[in-house]
């Protein structure tokens, strides 16, 4: 099966690679074409414009950095927006604003094309290992059509119904919860540290008792050690997600004080020059407020 | 082995029962002696005063509601404070202020007795099932001496070193983190609900992907359904713990904004008459702020 | 002197009226032309399009609801953007995002026209009484040219230098501070109320001692009585301003927790259907959190 | 008229001095007797113990640092508690917990003595200039009896009725509001600074327009210049007041998020070694969160 694939960043590249390994044929496009070399060796075709990836009635996957990048590849010159039509499917896997999904879905629908949102949980190493969790929503027939492709990229596909935006909402919910947990761990470890309990001990005991999930174990180690480089997920991207959460919450008039707290932590971190660190570096805020030592 | 056991509340009763089943002999005391009947049938001896449970050089366990109750059974008339001496061990398992631990440890030390703090993670059903996690700290020899008793009550004993207060600090850290997670789940579910994603779906997807720990699964179901009665852990007790966290943080000059947020949520819930509900009812705050429906 | 005037809302109408009374000749435009009748009686000329108010090298004043409305009258069809040129001055008095000011100033500059920002402090009654405080910034010669017009509308004109955006920044700062004071008064009155001190007493004593400024006296009375209708400044507009503050702060990576708190209060109020009340109704949040009675 | 006066700190000393100048005869006591020298020259009698200041049926004024100090002079050995009786009046002017007032009032009542609470607004310079605002509450006849003394110390006495605690509640409300205003000014000035508006300009424009009260002018100058030494009111004392506010709010189950924010700011400042600075130094928090320069 022939698929278009747009966006070969740290996530897109391993995802496309897994599609190729699963037998899909790919036409790929990336802003920096050099990133495609590895895939070309695996059999992908590198094309010049986003629109060139599109078989008008086929499937095109996008996995780009943010809403602006997605708009550019859909709506820009040589974008996929005009070219995809009559049953074609845009499988949009980026983490974006649910509102953008609604707008683009309407735009594609005007061409009789379909929009499926399928953002993922997992970082580049999980993408490479085909361990992503995929949150999939959109018109039912289209969801079913892309199922094999999604299964080639992730360990599990959650079927979230016909409203494509629901997948984006859930993706943002998950990232928000991680941010909340970063703060909870940061305050708990500072609380212990200040009273003679080493940060590592707090992390170990809590993850071996109440909180045995991998996210606590892995993030807990980083936060305990104040070890934030190299970034597995950049703090500046975490701030982007906090922004999206608060923008969506603002639209529906929902106060989210914990999301605000985390946006503040991330903003402060960016102001202090930490945008390129891992987003767990938001934990430095709790330490600095208490005049505790930070990075060691 | 003969042990004293003070405090037969919803936690103390199953814990004492497990000790009896493991072959320990108990002298028990409770403010309401009627609570002891079940244990007496199992072979325990009911005594009239806290001090009567004490073999001066033996071990006495306390599991009471709060700092005030603990002070009463130690320092009050017929308390254990004067009676325990010369190597005797007070194994204090209540969730209390680390400062109280420091004070009582000093007081016992003045009689050449020893104080071991061993608060637990787990609710009454976990206590009954011997599934508690025990956080144990205090003088080394005393810790070792009480190890068999602790193992009879829990699934795992964490050894946290010589400073008894460290166990209380970690216990408070854990309860604080649960509160933070309640808020994170509450905001995430309200965020979804407001945008067309059912609360149950948010709970399911997130617990089956990013957050597979039991606490997310169990608490997530309650919060999704706004099902807060009967209480497994009363909200008023959760507020007590939030108070203890903030009091300890205040003493060491550590700001904890997430702990403050949660104290505010719990205070508001108490003001609204929800102190007897489960502490997950703190999640109603996020719903009410957004004018979303609460209990159904 | 001939001036264009765009926007005859609750603020623009009395401001334009004062200009006419001071001897200025006005060409006026409003989305709903009926609003202009009163001014026409005073000698103003009603025109069909925003651009028709413009003498290309003259002065045109805009006083509209928000950034979108301003963009429409400048950039829209028959907007003033193309028509104003060669020394013409756009005197922009709306409360808008500093970023919009920067964009529009650059756009006008491309036509050799000039942009002066002059937002005001004061509500419609102050506008009618010529009691507005005017915050004026922009190119020096242009600032001087509009000085007589500004003096016809306000009690005092603050000269804030060449960077037009500075005036918008200060305007937002002022509105933010009012929001902060609303919260401070709301919490203080609830604090008293809960302990037997009537809300009115708290308001009276504090405004007659520490806080004798009119804003405390006037807002204090409203908040004490929970008297929020009719609105003197609508809560929904206050939320718009809180949004602008946080958007600007976000751009420069500045956390503003008090601004976040107030946005949350206002969002919650909108969710509860209070957008048309006076913005002091944000004070209901503190009362409701404590289960205190609200509107009486 | 003969009066006892206990507590000759930075507030008590000028207050006692004004009483002497107004013709009152004073027996004074202070923990450090050297502080009394100046008053002795003005005719006061220095005594050895708090109780020695008391004419059993007369008036004794206390003006001490905190609740603990007040308890010591009332309940301690040679305290005034036993000695004051049968119509004697304890005029308690310290800033304390309303709960302490309730306890001490009951204790004095058991001796047929009366307790009047009369905390003040104003710093030492205002005390010296007889410019204090006095908040007076307690049994009516006792209030009237102390009126001449209060008028000798302040510019205005607010009569707050029979419940002595009400005066403490209002005093705490006022100090809380000042803290809220410090944060509002801090965020506003940082907001401007970050966007090119000098801090001094923000302070000037806002105090000359919306906020003409002296507290904005004076505090605004300090915060604009980050000029926090020497302290006019120590930050550590401001934290004590924030603690009292939150403790009282906790007792009545009232969430106060702005008070929590300020306690956090003050705690952080203390952790950073700023307890001896002026309490306006809480404003450094907003600057540091945004990586703006602090003290210059």
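Chains here go by letter, A, B, C and D, matching the order in which they are written, and residues are numbered from 1 within each.
What we mean here is this: contacts are C-beta pairs under 8 Å (C-beta built on N, C-alpha and C of every residue); 3 or more make two chains touch, one makes a residue touch a chain.
Since the model is a prediction, treat every value here as computed from it, not as a measurement.
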Path length in the contact graph (chain A to chain D, fewest steps): 1
Per Cα centroids, the chain farthest from chain C: B
Interchain centroid distance [CA atoms averaged], chain B/chain D, Å: 39
Between chain B and chain C, centroid-to-centroid distance (C-alpha), Å: 53
Centre-of-Cα separation between chain B and chain A, whole angstrom: 38
Chain B, residues touching no fewer than two other chains: 249, 253-257, 261, 264, 267-268, 271, 289-291
Of all residues in chain B, those that touch chain D in their complex: 243, 249-250, 253-257, 260-261, 263-265, 267-268, 270-271
Chain C residues touching chain D - in the complex, by the definition given at the top: 98, 121, 133, 135, 156, 158, 160, 163, 165-166, 169-170, 172-174, 176-178, 180-181, 183-185, 187-192, 194-197, 201-202, 205-206, 208-213, 215-216, 245, 248-249, 252-259, 261, 286, 289-292
Chain D to chain A touching residues, read off their complex: 264, 267-268, 271-273, 288-291
